[in-house]
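Common to both upcoming complexes is chain A, partnered first by chain B, then by chain C.
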Partner chain A sequence: MAANNTPVPHYLKPLLDTPFHARARVLSQNDSFVPWAGYSTVDVFTTAEQEYFAIRNAATLFDLTPMVKYRINGSDAERYLNRLVTRDVRKLKVGRVSYVVWCNDSGHLIDDGTIFRLGPQDFRLCTAERQLDWLLDSAIGFDVRVEEVTEDIAALAVQGPTSCYILKKFGLAGVERLKPFELAEFDAAGRPVMVSRTGFTGDLGYELWMRPEHALSIWDDLMAAGRTRGLRAIGSQALNMARIEAGFLMPNVDFVSAEHTIRMNRDRTPLELGLGWLVDFDKPHFNGRRALLTQKASGLRRLLVGLDVDGNKAAHNALLYADEAGNHEVGSVTSAMWSPTCKRNLALAILDAPHHAIGSKVWADIYLNRELVWERRMVAAHVVERPFFAPDRRRQTPPADR
Partner chain B sequence: MATTNSKRHDVIVIGAGHNGLVAACYMARAGLDVLVVERNDYVGGATVSRNLFEDYTYSNCSYVCSLLRPEIMRALELPRFGLQIIPYDGGCTMMNDGNHLALYDNHDALRREIARHSKRDAEAYDRYSRDVIRQCKFIRPLLMREPPDPTSFKPRDLTELLYLGQRFHNMGEERMYDTLRFWTMSAADFLDEYFESEIVKAHFAGSSIIGTALGPRSPGSAYVLLHHYMGDIDETVGAWGFARGGMGAVSSSLTASLQASGGAVRTSAPVERILVRNGRSCGVALTSGEEIAAKVVVSNMDVKRTFLDSMDAEHLPEEFLKAVRRFKIRGSSGKLNIALERLPQFPSIPDGAPSIRGDLHITDTIEMMERAYDDWKEGRWSQAPYVDMLMPSQIDPTMAADGKHYMSVFVQYCPYELADGPWTDDKRQAFGNTVIDAIARHSPDFKSLIRHAEVRTPWDIEQEVGLTEGNIFQGELTMDQLMFNRPVPGYAQYRTPVKGLYLSGSSTHPGGGVMGAPGANCARRVLTDLGRSA
Partner chain C sequence: MTSPTPTSIVARYDVIVIGAGHNGLVCATTLARAGRSVLVVEAAAEVGGMAITRAFAPGYRVSACAHLLHQMPLALVRDLSLAEHGLEFAATGLPTTSLGADGATLQLATGGTPSAAFSPNDAAAWPAYHARLGRFASLLHGMLAAPAPRLGTEGWSDKLALAKVGLKLRLLGRRDMREFLRIVGMNAYDLLEDEFKAPLLKGALAFDAVLGTNFGPRAPGTVLSLLYRLAAESAAGSSPLAQPRGGLGALTAALARSAKAAGVTIRTNAPVAQITVAGDRATGVVLANGTEIAADRVVSSVNAKTTFLNLLGTEHLDTGFVRRVDHIRSRGIVAKLHLALDRAPAFTGVARDALGGRLLVSPSLDYLERAFNPTKYSQFSAAPALEITVPTINDPALAPAGHHVLSAIVQYAPYAITGGWTEPSRRAFTDAILATLEAQAPGIGASVVGCELLTPLDLEQEFHSAGGHWHHGDLALDQFYMVRPVPGATQYATPMAGLYLCGASCHPGGGVMGLAGRNAAVRMLEKGA
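Right after this comes the complex of A and B.
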């Protein structure tokens, strides 16, 4: 066995612990850890439902250290990113964050992520999947440095209606002035913390970026500050419920990166995923532009949409049909849940034209396990606008304390 | 004097190698009276388990079961007849500076391992696997099908060509370009498109040269790499691994399956001549003088041994024979089988790592591999050879006594003919020592643990197994000898210029490895020609 201060080698323990692991281990009542981007993370601490309601009612801590982080700087950093992603990075001001996607030459989505503009030519890119190979290839011809810094930065999402209040109490004076997608540096009793008003819940919330050596003390101080305002640690299951309500996409659930697809017709363009609003055809050349223009002109053969499904049984993995008899298949569900907050049965689904228009009605083939007896239901589902849930507090500045 | 066995069989299969047995099994199951004749006193050809020293079991030719088609195992009920495939761990390449690169099965462990050498390569690996899987997915369904003749207008050929064309087209434009490039480019160029680290490239390049008289920089070697990956992508778990009991378990289960459906095998029955009467094969003559009559003869020997050594030229068209003579079947691989007193130490493999149970290598640059090939071209065995070594006894308890270990060392490159004259016992010993010395540089106690070593040159493999030049694939896997060009243009569909004579060995599509696909495809062709359903 390795000595206490020697890390266990990767061939004996492939997953890394995040800097918050010591706290997560104590709080996880189910001892339920799952791999996420090379780290061991918690999927449920107590119950997913309790954790979910904390997101919508109080405040939550979510360890997002495994998000892959790249530092991108150099005199061509802006030009480089502007060629990489579909949005116009020139319009992104220093101190702001932008949700972006990037494509291969044929316009197929490689990944989505967020760009933090830390300086005129200094950026941080956060992604779900590892991208170094693609980012370095794309850097040829630009004066730009791309460096993975995932392990150098610990990150916590603080999300929920009381999140701003708790951060103020924790000591981040002025955090209430941050507008959505704004970022600022704070000093938390000698511990530098970058705070961005971003998140994956569709609710009021912030993300805190810190040095790994400060991770545990910041966790403890946040928990202390939030104890009377319902702050609790949450795992990935609760977050997944919130993100479906917010209409956000999950890689490898709602789409597969074009870097990983094996079969034909598994690649998706941002237009097909309903992310057309992220594609700026007025900016200079960007990767995939020509293919996306062609697709835009010829119309979408399929589109990712929001569904409101009749009944209250989540339409997990359901095939979708144009007819109740189930003869004409037109798509499938990628994510599904009964929304406790909206009291609607939600789903994200890929649908063929013309069935993807708002207001269209399709049929979902749902299988129910009732005490080990499987039953099948054909249930009507309606194409509706996303997001399903968008409370005003997510944009309000300064936010209310509760 | 020729004695004629009064019984006339439906089919005689020459050679009880795995493909011959597979073909025999399918035909026997379809109700034909099948006899397999084998020159050795044991079955299996190059798919054997042998006890040559104490109670160590050697898989002394082929040594892993990576490509054997699961549909064949299933159709012939091989598990019922004792075949059990057990997976082994990912191996490693030991480097000359004491470092190593291990291929861990766990994706995160693997990423962190490659990242020790190059962070970028760790992520490029995913793209590399994706492209390899994409290509293998295209090729794999073609394995169990007869290649169409592109010059024919017969409905079957047109249908097959259409199938091929459609599959190709369905890959999409980019991947179609990739296919054409991957099938023709060198492994070194292929790997350069993904990786920057020498050791990463060297590790993956290994499978591009195994069994092949090409270097990693020779055009066409990228395909050999893909060919070796074919078994790796099966969605069915347990398709890649050791045959429990050694590779002989494959041939013994095939033999049992054959016997259960009424077929028979005769060992120690070397064939002298394939008999042809009125342009039609009618049986075989054994070296003993005995003649055995059959309606159909299936030769599981390679294409050269079949037509150049076992038939009279008068029965064969000249241009066909010319093509057979030109068929590339160069011997380039040697093999050491070693009985070890205990598990040797490899200091560059970290304690507790699973790599020791996988395939071990000691060639840490492509340059070194290419130099090893240069030796072969000049008629010498490689002075710093590429080895693929495994100690299956760590996983399969049947291979050696508790605590003892059997090591299989596949060696690339070793020529069939040496520049300075024929192989002798001294030269064979010197070849073996070169390999043992190379391994010993990475294992201080290795030499002291050797209790017995069998050294096999390509020449030995030819003498014992009957593979021309000891070529393990019964012919190079190069584009000019694949698909509808394998073994020779116009005869890719298991038939030959002689009516009633068929080929079932790896000289035919889809080629070498213990895959069984050529045998299965050949049986289907015979049954169709006889008007039987498979």
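Right after this comes the complex of A and C.
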């Protein structure tokens, strides 16, 4: 054991540990750690199914410290962000959070993320990928300061039907009054915690933002507060199941950042990803606006949609066809799962026009590996509305005591 | 010329041209002759931009930037009736004399032919070299008077223009095409070493390859800048190296008269504070005094950086485009020294008739490269290379009787030097230039009665050119033709509807050529302006 306590030189261990690593290490029954944005994070603690059911039926802790965070302030911060993202940041009130996407000049998506408005000209931008060069180049001509603060802030998602109860018991008096996409500062026994009613599960849930030095004690106190409410730590696999049900997109799974695509036609616009509701053409100029207007006028050649696939075999990576014979290829699946909660076989898929209209029927070419014998099935799939799963409790304020 | 109106006025023009330099005036005149109502707004008190003549010491006048005219097409001069509007030449077809360290000189007549007496070897090599570069330059010169094609479009006009360039290249024939492709990305140093022996000749020829660039003669791409200069001179179609009577300001004064005759309104002392935008379209300008002027289209002869980053504002542009604009290399490298002299300078080995021409202090390739070296470390040249004219030899009216003006283009003077352009560093640089002059013209220091040094920083402040760059950005392979000033703003249109560019930032670039202004106007009219 003594050898394990010797600090490992950084060049031998390029992945960072999050401030919660000591707890994750103990709870991880599978020792299944995966890299995420330069950090070592848990893929699955026990089984993905067990953790998934905790999201939908109890409460969960998920370490989202590796989420890249930027502090953006200065007298032009609002104007700067309004030019950066496709939504109208002027409409975002102090103390609110907004889900946003941003594009390059050709209107192709670079990344999605959330903006937290901490003050009139003080914001936090959370992103999946590192963006500093794009953010700094976007700052040319603006009085704004952009600073990466990922390592300065530890973050935990507390998600699930009993999450509000647990946070109250943990000591966050009044947390039940937070509306969806609202944020507030709390004092948890001398430890400042910012809480936002946000998350990636489509369920009732909160995200806690704290100083790294308070990370372990807050984890312990939350675990103690959640003992009678089924609170458990979860890894990224379970979260991925929940986000598909919620219809949320995963970068590098459902789209590739336009900054990383190499081949022609692999980048996607927000309109093509079904995120047109995030694009506000009535606000002042923003990156990609002119290109998106052109695309809007000429119509979408492809669209990301939700699919309800017949049968119960997840359509992972399936090619999609207009005909059962599989002669006319019209798209492919980007994410797929059998949804235990919806009892439906779900998928997110990119489909060519005109097959992306709600109600359209396409055929999914599903390959099944049955003890090393591959079987192929051509299964009907139907374009349906997203999200697939949207319980009332995700919006209810105050949430019911569970 | 009217003075600025202090209050808001309701005026509306078809086109507002920002900047009354030669390109702005050519653009304005071309548009006005096509029936458009055109207003030119100029920040300075006089028209002319960087092509002006002004006093630098009491009684002494000089062309403040460029001091010779060698690239403006004769066809353009005729078309704009500049002679009728008062343009006269004090001298044309000026010779170039390359000054050596030891009093040796080499005279290059118009067309550049070195005298056989100087170096029989080089005189023999000259005709083939000159003819070959002439053919290559003519390949480029057809490109100057038309918009550069855009890359990556489906447009037939773009593809056709590219195909034409390819065809012209192919029509050079196998040997010439190979040779062109071999040397076009090469450096002038190696090319001239291959061809010639005499250091004075090589130094003088290399000077033209690096004039106005952030390059020494060993930098790749300097053959291209040499060919480009030759192309512009051959496109000019007259005897190059001319001296307008009254300096370069006389040219722009004639351009302004031609513009007014065509119906253009010119307002001086009218700096633009902002290009106005409504509904994602440029709608006019706001002057520094608050006056708003509306127009259907705005065309800026100001450099691309200032136009987009300052006058328009980055909030109206996409990040990728702004990034490209911000990366335009436009740090000036050329300084200007003006001397008022109480007698004619006497350059060793230079006869009186040659004194009226162009004198170069670039006695060898290594001298020029050594002059460049310090710029890499943010220092000015300790022994700079010079292009000297004594305009009063041909045009005595620029100075009091019997007195003279010396105008020197000085390379290299970085825009930003270590410690900044302070009084001591300006003094030290002036001394270095004067020492270089003294070696060529002993006693000249004692005849100096007035002196003005313009560093790139001074040029930026006086002429509003970002970085103080004479050409609004280096003319190099990565800022040339199809990518000048940046992709997304080629062909004089910009991402902002209603806003155009017509200055030296655009193809075909800097030099007192006027083609950027002419091309821009033609393009705007084609596109329905």
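In this section, the second predicted complex is superposed on the first by the 392 of 402 C-alpha atoms of A that agree within 3 Å, B and C clash if a C-alpha of one lies under 4 Å from a C-alpha of the other, contacts with A are read in each partner's own complex, and residues count from 1 in each chain.
The rule is short, and it goes like this: contacts are C-beta pairs under 8 Å (C-beta built on N, C-alpha and C of every residue); 3 or more make two chains touch, one makes a residue touch a chain.
All values reported here derive from a predicted model rather than from experimental measurement.
In the superposition on chain A, A:344 contacts neither chain B nor chain C.
In the superposed model, A:83 makes contact with chain C only, not with chain B. In the superposition on chain A, contact of A:138 is made with chain C only, not with chain B. By the touch criterion stated above, A:288 is placed in contact with chain C alone, chain B being left untouched. According to the touch criterion, chain A has no shared surface contacted by chain B in one complex and chain C in the other. Contact residues on chain C toward chain A in their complex (touch as defined above): 280, 309, 313-323, 326, 488, 495. Chain B contributes residues 102, 104, 106-109, 111-113, 119-120, 122-124, 126-127, 130, 133-134, 137, 170-172, 174, 350, 352-355 to its touches with chain A in the complex.
By the touch rule above, chain A contacts chain C in their complex via residues 79, 83-84, 104-105, 134, 137-138, 140-142, 284-285, 287-290.
Against chain B, in their complex, chain A makes its touches with residues 9-12, 14-15, 35, 38, 106, 130-133, 136, 148, 259-264.
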